[in-house]
Each structure stands twice: as C-alpha cells, then as structure tokens.
Amino acid sequence: MKIRVIHAITGVTATWLEREEKILRSYAKPDTHLEIVSIRQGAESIESYFDIHIGSLNTLRLVKEAEEKGFDGIIITCFGNANLDPAREIVSIPVVGSGQASMLLATGLGHRFSIIGTVRSAADRHRIEAMKLGISAKLASVRCIEARVLSLHDDLDATLMAMLEAGRKAIEEDGAQVLIPGCFGMVGLAEKMQQELGVPVVDPAGAAVKLIETLVDLKLSQSKLAFPIPPPKKRDF
Amino acid sequence: MKIRVIHAITGVTATWLEREEKILRSYAKPDTHLEIVSIRQGAESIESYFDIHIGSLNTLRLVKEAEEKGFDGIIITCFGNANLDPAREIVSIPVVGSGQASMLLATGLGHRFSIIGTVRSAADRHRIEAMKLGISAKLASVRCIEARVLSLHDDLDATLMAMLEAGRKAIEEDGAQVLIPGCFGMVGLAEKMQQELGVPVVDPAGAAVKLIETLVDLKLSQSKLAFPIPPPKKRDF
Amino acid sequence: MKIRVIHAITGVTATWLEREEKILRSYAKPDTHLEIVSIRQGAESIESYFDIHIGSLNTLRLVKEAEEKGFDGIIITCFGNANLDPAREIVSIPVVGSGQASMLLATGLGHRFSIIGTVRSAADRHRIEAMKLGISAKLASVRCIEARVLSLHDDLDATLMAMLEAGRKAIEEDGAQVLIPGCFGMVGLAEKMQQELGVPVVDPAGAAVKLIETLVDLKLSQSKLAFPIPPPKKRDF
Amino acid sequence: MKIRVIHAITGVTATWLEREEKILRSYAKPDTHLEIVSIRQGAESIESYFDIHIGSLNTLRLVKEAEEKGFDGIIITCFGNANLDPAREIVSIPVVGSGQASMLLATGLGHRFSIIGTVRSAADRHRIEAMKLGISAKLASVRCIEARVLSLHDDLDATLMAMLEAGRKAIEEDGAQVLIPGCFGMVGLAEKMQQELGVPVVDPAGAAVKLIETLVDLKLSQSKLAFPIPPPKKRDF
Amino acid sequence: MKIRVIHAITGVTATWLEREEKILRSYAKPDTHLEIVSIRQGAESIESYFDIHIGSLNTLRLVKEAEEKGFDGIIITCFGNANLDPAREIVSIPVVGSGQASMLLATGLGHRFSIIGTVRSAADRHRIEAMKLGISAKLASVRCIEARVLSLHDDLDATLMAMLEAGRKAIEEDGAQVLIPGCFGMVGLAEKMQQELGVPVVDPAGAAVKLIETLVDLKLSQSKLAFPIPPPKKRDF
Amino acid sequence: MKIRVIHAITGVTATWLEREEKILRSYAKPDTHLEIVSIRQGAESIESYFDIHIGSLNTLRLVKEAEEKGFDGIIITCFGNANLDPAREIVSIPVVGSGQASMLLATGLGHRFSIIGTVRSAADRHRIEAMKLGISAKLASVRCIEARVLSLHDDLDATLMAMLEAGRKAIEEDGAQVLIPGCFGMVGLAEKMQQELGVPVVDPAGAAVKLIETLVDLKLSQSKLAFPIPPPKKRDF
C-alpha cells in the first residue's frame, strides 16, 4: 500500500520532518509505504483560512499527481483539513485529513471530546469542521494554548506542559472525556498526555494513518455523490 | 460609497457583464460606485470546491487590492460564497457573498426557504453554507435544474421555465415559502418568478448590493474576532 | 418611500421621541418618509408577554391603517418583535421588527453574537425569538443590565457604562464576536460601544430602517404562505 | 379542586359547549369542579396569530379573575396555546394549554407523533409551539384536513373520516407512531381514531384536564423564573 | 385501577419501602391499588448500565407477570428508566419510568430544568435519556451530589442540604427554572426543596403515579409502532 | 493481538459461523487472533430491546472473561450495539460494536448515509444509536428489507437483491451517499453492493475489525469518564 502524506505548508524543517516520519512510520503497517511531501508555494503554517487558500493550487497538484502516480491513498496532515474538500473531489482514491480522522475516532470513545489547539483564531475553524462532519454535539470545547504553530517545537516540553494544563481544564470545566491535540505539529505527545490525564488522547497522526489504511484495505473511498469529479471546463490548473 | 464587485471566475462574457451591471446598478443607491472585476486565472465558472480553490489566489489579490485602493466594501458575486472566509480575514472593510446575503434576507421572510440551484453537485455546498451561517433549520430544500452555469444564458427563457418548475415543486413538496435563485448567473429573474409563483423570491444581486450598502452606511464589518487578520509570516502572496 | 414606525407602547416621551427620530432619520435614505406613532392603550414599556398582549389590539389597528393609508412598509420598534407575527398576517406590505432585523444582520458578521438586554426576564423572550428565526446556534448569550426600560434614559452615560461592562463579559466569557443592544430604548449607543469594545455592534434602529428600505426597494415582503391573510370571520376588530 | 376552562374565542355555541362539557367532565376526577367560560370580544375561532391577539385582553382578564376568585388552576382550551405565555406570567396558579399538554403526553408514548390539524395555515403555528416546548425532534408532521374550525361540527362523521385519512397518511408516510387531533373542536374523537388506526391518539381535552389536575395535586405551577409576574407599571388593563 | 410498581433493584430495605409506599400512596387516587415489588436477582442499586443490565431478566419477568395478572399499568421506579425500553415492548399495558415522567412534567413548567443526581457517573445516562425523549434542549444541567444511592437515607437531612446546594447552583449558574431530584431514593423531598428554592420541583414518585393514572384513565399506552411486541422465536425467558 | 468476537445471540449456526469467520479473518491483520464466541442463554437473534436484555447477563460474562483471559479488545457483533454500554463499563480493554464502527466510518465518507436494515422494528433502534453517537444529522434514512435476521441466509442472492433495491431507493429518494448493511448477518455483501450501486458500502465486519485493531494499536480505549468501572456493591453476577 502506497500512501502520500501531504503537508499543505512550506515551513516543515528537516528536523521536524525526521521526527514526524518516525512517528507516522510507527503507526503504519510494515508493508505500508509512506511518502511525505510539502508544497513549494503557500504559507509556512496554517493558522487561517487565508493560509489554507494560498496553498490550494500547489496542494491540489500534489493530490492529483498522487493518483496519477499510482498511490492508493492520501493523507492531508493539516488538522484543519486544509483543502480536503477539493482534494476529495479531484481524485477517486481516498483522501483523509488528520482533523476529521481524529474527531471520528474520538467520537466513538466517549460522550464529549475537546480539542487542544494552537492559536485562538483556530478554534472557530475547528468548530466548523466538527459541524461539517455532523458531530458538533460531541465537541465539548476547543481550548487553545496560544502558541504559533512553528513555535511548538521550540520547547517541546513547554508545549506539552501547556497542553496538559489546557487538557485538564477541558476535562474539569468543559466535561471533556477524550482529548485531541489539534495540530499536526503536536503529534507524538498523545501518549504522554494520556498517561498524565487518564483519558484517551487521540494522536492526529495515528488517527490519519489508521483511517487511510482502513479505507484502502476495505476498498472504500469518499462517495462520488458527495464529492463528484468536477466536470471538464476551462481551468488554469 | 465605492464597492468592488468581484467575480471569482474567468468566464464572464462581455454580454453577460453588461446585463449584470445594469441589474446591479438598478439595486444600488445613486451615489454608490460599483466596479466589477473578474479574476484572470482560475475556473470559468464555479461548480465545485475545486473551482473555488484554484481561483483563490487571484480572488484574494483582488480583495486585498480593493482595500488598498480605498474601496468601502466588497461583493463576491458567487452564490457559493467562493473564497469568502479568507477574504473576510485579510481586509477590514466589509466583504459579503451573494449566497449569505440572500439566505439572511430569505430567513426573515418566512419559516422555510428553498434554493433553486444549477448542477446537482452544488446542492451540498449550499447546504453547508446554510449550516455555517447557522440557519439550516430554515432551508427547506435545494432543488437543482441540472444546467451548467455557463449555459444558463444560452436560452434565458428556458432557464426561467426550469426555475419556475423547480420552484413550484419546492413550494408544494418541500414546504418552501420563499425562494432564492442559487447562482449569480440567475440574477434578474427573481421578479418574474415572484409574479408567477406568488412567493417572495430573493435576487442574489439585490441582496448583496443592499447588504453591502447597509454595512457601509452603518459602519459595520465582519468581526475581527471571527475573521482575524492573519498574523505576519512567510507566505507566497 | 413611506414607512410607518410603530411603538407598541404608550410611554415614549417627547424628548425620547425627538432623539429617536433624529437617529432613525440618520439611517434613512433622503427620500424615505418616516412617520413615528405610538399606541394609545397598552403598556408604557414592553418587559413581558403580558405587556405585548395588552397592546395588541391598538398596535394591529395602526398596522392595518398603515396599509390602508398607502404606506410602503412598517417598522415595529420593540426589540422583542411585539405583535410582529399577527401584524405580518394582516397586511401585504412588509413589516419588520427591530429584533429580527438586528439578529439577521449580526448573524452575517461573525460566528456568535450576544444581546445586551434590559431586565433579566427579557432574556428568554429574546432566546425564543432567535429560535423562531432559526438562528439559535448563533446566539452566544443574552446579558442583561438589570435596568427597567423607561429608566434607560435617566442617565444615558450610566446606561452606556453598564452596557459596555455586559458587552465585555459577553465577549470574554460567552465567546460573542458581535453585539446587539437589545432594546429600542438603547438606540444610538452602538457606535460608541463598537469603538470601545472593538467588535461590530448592530444598532436596532439602523438594522430596522435598512431592512425595511431593502425590502421595499427589492419589492419583497413576508411570504403569504408563512403569514396568510386571516380569512374573513366574526371578529371584534 | 376548582378549574376554570377558558375559551379564547367567542364562537362556541350552546350545543358545542354541552357536548364539550360532558367530555371534559368524563376526564375529570369526581371532586374537580370545572367552570367553562368564553371571552366576549375577540374572534369566533382561532386560525391565525391575528385571532389570538385580538382576544388577548379579554382572555387575560378571565385568567386574572380566575386567580382572584380562588380557582386552583386554568385550562386554555385552544390547541394553539392562545395567550398561554402572558397568562402564565400574570398568575401564580398553574395554567395549561391543551396543545402543550397533548404534545407532552404524546412525546412519552412513541418516537414520533403527528398533529391532525384544521386549516393548513395552522401548521406552522403548531410547529413553532413544538419548538418552543423543545420537542421539535418528536414532531413527525402536521397534517391538515383543510376544514375551518367552526365547520368541524357541521358533519362530525365527515370530520372523523377526514381525520382518519390524514392520520393514516401521517403513520404511513411520515412515520408517526402517536397522533393528536390538533384543535379543541376535535375533542371526543380520539378513542374512535385509536380503535381504527391502532396507534395511541391523545385527546386534547383529556390531556389538559389530567395535566392541570396533576399540577394542582402535586402543588406545581409554571416557574416564576420562566414566567415572572410583570412588575407594576402604567398599563391599560 | 391496579398498578404494579417495580424496583429493578434488590437493595430496598423495609424502612425504605414503608416510607416510599406512604409517599406513593399520597399521590394516588383513592381507588388506585399500588403493589410494590422488587427483583430478587440483580444489583442492590442502579448506578451504571451494568447495574441495569444484570437485573433485566428479573425485571422483565415482573413486567410480563403484571400484565398476565391483570394489572392496568406499570411504574418502573428507577429514575434512569432501567429496562424501560424492553418492558414497553413485551406488554400492551402502559409502562412508565419515573425519569421520563418527571422530565416531561418539568418540560412544561419552564424553559430549562436541571436534574439533581447522585453519583457523577449517572449524569451522562440522564442526558442520554433526555436525548432519547427528544427534550435535550430543555435540560440545563445535571448536578450531582456525589452520594451513593443506598447512602441517601443514612442522613436524610444532609442529603436534603446537599440537594439544596446543588439546586441553588443549577438555578444561578446553569439557568435552571425547574428542578428534578434525579433518583427514586430522593422521593418525598421535592416539596421542601420547592419551599426553599422558590422554583417548581418535580417529585419523581408524584410524576410517575400521575402519569400512569393519566394513561390508564385516557386508555393510552406506549405505541406498538414504537415498541412492537417482539415476534416469537427461540428465547431463554 | 488477541480479539474476542462476541455474538450476543444463541442462533448462529455452524455454516454461518464458518462463513463469518472467513470474512472477519480477511479483514484482520496477519498477527491478529480472532476468537468468536456466542452466548448460551438469550435470544437466537436480536430484533428488539427485549432480545438484547435477556442476553445481557451472558454477554457481559463473556466480556468480563475476555479481559481476565488477557484479550486485547472485544467486538460485539450485533449491529444494534447490544449490551455495548454496560460492556464498555466493566472492562478497561476497548470494546466496539459493529453498528458504531460502521456509522463512524460512513460519517467520514459523505454528507449522508443510509442503513439497510432487516425488520422494520429495528429502524428506531438504529436511529437512537446514531443519536447517542451524536451523528443523527448524517443519517439520511433507515430502509428495511422486511426479513427476519435468521432468514437472511436462506437465500443469500434474494437477500442481496432486496438490499440493492432498498439501497437504490435510499440513494435516489433519501439522498444517501454512503450505505451500511445494518445487520451482522449481512456481512460479506458490501463489496457487491458497492459495485452495483456505485457508492461506498461499509461492511460492519470490516468496520469493526479495523476499529478494534486501530484502538489496540494506538493504545486507546473507551474513556473511563464516560464508562466508569461500576463501584463495588452487592450484585448477582
């Protein structure tokens, strides 16, 4: 099984990538091939709809190319499901976003989950994604640690501490029973959070890898009634 | 008052533009200046998320430029609110989409409204926009006439006939009490529909012009808590 | 364009009226004629369903008379949309309430809005109006300043201070991104609130004037499928 | 126990009253005293918000008087809960409407219920009452037999036939599992409908009598936090 | 009228039973015969789904037997509606649970109610029952006093104190306007709570007795379209 | 990885088991050990809440035993999630039901899915499970083929034909974009349905196997805040 993992951002450093690849690899089946790619033009991180849209063209080209090159499935890493809707239209192979994958998994593990996000301005985007997914009733809260995406790795311990504090508040004040680190830059911290806080914590990388493997194995993909192939027309693409 | 009217598509012909300008003009106050522009690169019409996203970059540049040039407000013509969310982030002047404007107006006129759309694949996008706007409970149905956007003007009488038939079904079978032609290519037909069908029909062009004028006059704009200015970072824009 | 502005209360003083007329006038187009009238029998202010209902008969007579006298539209000033439903039944010209008008406008400006109301007992009535309008999901909270309607003008500065404090809490604790002063007695304060608090604040007078002008200009009115003309019968009216 | 039963209409004939009193009596406990009264000024039947509001003043006087005269509870017969909200504000004794009482009882008997109403224009009013009561999810449909209220008794057999047909469609096409005749003029037909259709049919008169007796016996009444006594002020009442 | 009152638990002591019977009796009509029974095998109290399910077999046998012995109706005392769904399938006589009965009554008395529960883990079960009943929008909160069910009577005054404190918070912080003691072990305290807190407090025992009497008197029962008699098959029962 | 697969029914024949084991096996990873067990006392199939509850005791013992014997996870095959809630309370290892697993997977593949069920009386149970899972908005319809569970295999081709017909109607009339065969007796037919109907069809067996493997691999389990271990007490278990 060949999976392309697409970063819809330009700012992933080599160190970051190395760590991330190891984490992704740890979740995948032995015979799953993961190819991680980033866009060349767009934003260095995704913290707004603006950041999503200026990378659209390049992300969608990587998506289209993946199908043409024979990949079996695609992961869009961005927790905000950047460009996921158009991506699911233009190919027939399954495309999953780490945000959707995490939320669906969390939905099955308790009555309410919370997302521990980065910048406060991301909260409404996450709420809207939950709403589009039809599971708003399960989303207890989005708690943000007020850290910029690219600064998360500056001091990973400090990041973890901030996430634990936000997670604790989500549990005690918002009634969360399951947590999700709400940024792909936060992958690899779920297990420690789970040990500290005593509730299930869904790693976005793990959720995404498992979901795409599940879909490919079960020969499932996004419904073409929901995401129809755009009919031919004059387009600059 | 200076308003920039942005087509997030490349396929608007001169004839189409001329007709549309006349219609827009008829709704505006005498001292409202309307400048209509189209993007240079993107799709010739919007019938998918794909079409929306490949025009993002160019649309957003026209949006940004409008603010820099001193416009007081922006209309994005596309009924599907193409690029509306990122557009509302990057400027402080008010930006309205014809879809949102029409739905808000229709919401106040009855208990349920229906949208008469173009291609069937647009229906779910319209439902999602209604959901994001918080008014799903008011949307009785989306009925599509199964016509491609750019073909709407091939035979405007036939288009009107198809819309009347769909509208009648929406009223009788879905309980609609108000109708909205769900494509900016359908502007100018609302009054005839209203006369034939006896229910209020909201013209997307009229709704958009009136809403942007209202916002500018009342010194209102999209909340920066909802659509914050994206913080500076490395971006290709 | 001739608009009748109806107070469904008896307690509007001359000073109050003068101030209010100036405000309403400032929002209207030059050629819009506004006639402001009050009922003779009812309650001096509206703070309960009881107050609404004892003024029904007189309010509805002013509504009916407006249509007979050739007015083009009607504004019912009461933020609680007093008698709005029956009023919309008995005439064909558009009737708007300042509450509905404000909420629709606020809905389009952010993900959540709050209402800054007068007495605490008004809060549930406002929530029910939002629910009837189909936009409950957008209403973050109703915060009340615990002031009787007719006392609002006793010390307008104190009123403004109380509203700013309530508005600040709505933003910080309830997640409001847009605010609405929830009483027609509070008109004229929106702009100052907006400057102080940095979020859009919708003036009920402005919203009502702009909406009725929009409807008249676009030849729209409440759907007669939603608000049918009551069939003839024996009635004391 | 003394209960005042208030008709918020003027058109109840002696024959009608006699039949109705017998039916109400059959549901009441032996020691429950029922006094049935009608308003003197208003509409002869309730088929619109207009009809509700022009009878408000007189209905509310009967309500207030009931408390003063020592009644223990009040039934407002109108299935549309006419004037119920203001009535519940101005007294401390419990006030129930036959519509609310029926819907609450039906809610507990199955997953979905339908209302068999009179004129089509009543349907939205019933839907809004269900929404205010918080049980919209349980309301499968409102099916109307297109008969004017005062004509229901012209041919009671024909009325029953029409109700059976509408009830059958509600069961088969809308998934109703419980039915409610949606007009107080339809009382006394529930048992026959139940026998014919094989689903529970809730009689509005039975539901109202039982609910008011329950509240009085359990010393319960509408919450004064929800329906506070309107504070004193200048009022024409 | 003969009603069987079923405890789906084994831990009801003689003292408890005596007190409870007196309370139940006080709510019933003079000619209502109440027979109170408990299961022999199951859990001593219900504080989890596990407790509900291990008593299912015995509870359902008591249910089936009640119908065979000619009872007219059944009350399942457990506030959590233990085994209510299967019980309503296997008999034609009406079966009510004290939780459903209380919530329906509370729904009609205000805009929002809160449940004062026992152990925290019961809260989600109560929320789910409210959801199944279709009235989630009315449930302001579930506040738990953190007491085990069988300890409630150890010091009834202390229990009452804890309930008053929780009730006060529900009113002030959650907006509750009506309260329900959320455990059958708490019956008989509603009146004192009501006096202290000034809001209606629904006693689960009173609600259950009144509802079953209402259903029997009105010849109503759970719809067999919602709770069909299970078709014959091989079963160990 | 050792997974116990529990049938909460007694009627699984040897032929059926053999076929089913092959199907389950085909979805599992090579190193996943699947042990399939059935209860000894209960109902031969699950077609009602009654059937679920009379098998509770035996099912829960198999669940408890699985944890004691060192299994890593549990699948409850029943699409109706029979005994899933109590099962998730009494163990710490993850327990999944095939209904929940399928619905979560389907939720991510389109805007609306439909369930193709067996007997009509199952439909409401499935709707309630969707509601408890928080995804009601995604459930377009439950279409039943009116076949008893144990008769599904009498003529598997006829069963498939009936399912295709129901699926087609769900797509065309209810707007379904994804389908789920709503009974574990229907496993193994998804792929053929998918080929015929052109929409994704989620096999309950595949969904359950993949979900439990995902949870075990990611070290996730149901939240103990949502499904707390029942505290010790007197119980017959």
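By letter and in written order, the chains are A, B, C, D, E and F; residue numbering begins at 1 in each of them.
Operating definition for what follows: a contact is a pair of C-beta atoms (placed from the backbone, for glycine too) under 8 Å apart; a residue touches a chain by one contact, two chains touch by 3 or more.
Computed from a prediction, not measured in an experiment: that's the story for all the values here.
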Greatest separation from subunit B - chain, by CA centre: E
Listed chain pair A-F, E-F or A-B that repeats interface B-C [over half of contact pairs the same by residue number]: A-F
Interchain centroid distance [CA atoms averaged], subunit C/subunit D, Å: 30
Where subunit A and subunit E are represented by their mean Cα positions, the distance between them in whole Å: 44
Centre-of-Cα separation between subunit E and subunit D, whole angstrom: 27
Sites on subunit E at which at least two other chains make contact: 111, 124, 128, 226-227
Residues on subunit E engaged by subunit D in the complex (per definition of touch): 27, 29, 96, 100-101, 104-105, 107-112, 133-138, 171, 177-178, 191, 194, 198-200, 202-203, 206-207, 210-211, 213-214, 217-227
Residue numbers on subunit B that touch subunit A, as the complex places them: 10-11, 41-45, 47-54, 56-57, 60, 83, 85-86, 89-90, 119, 121, 124, 128, 131-132, 148, 150, 226-228, 230-231, 233-237
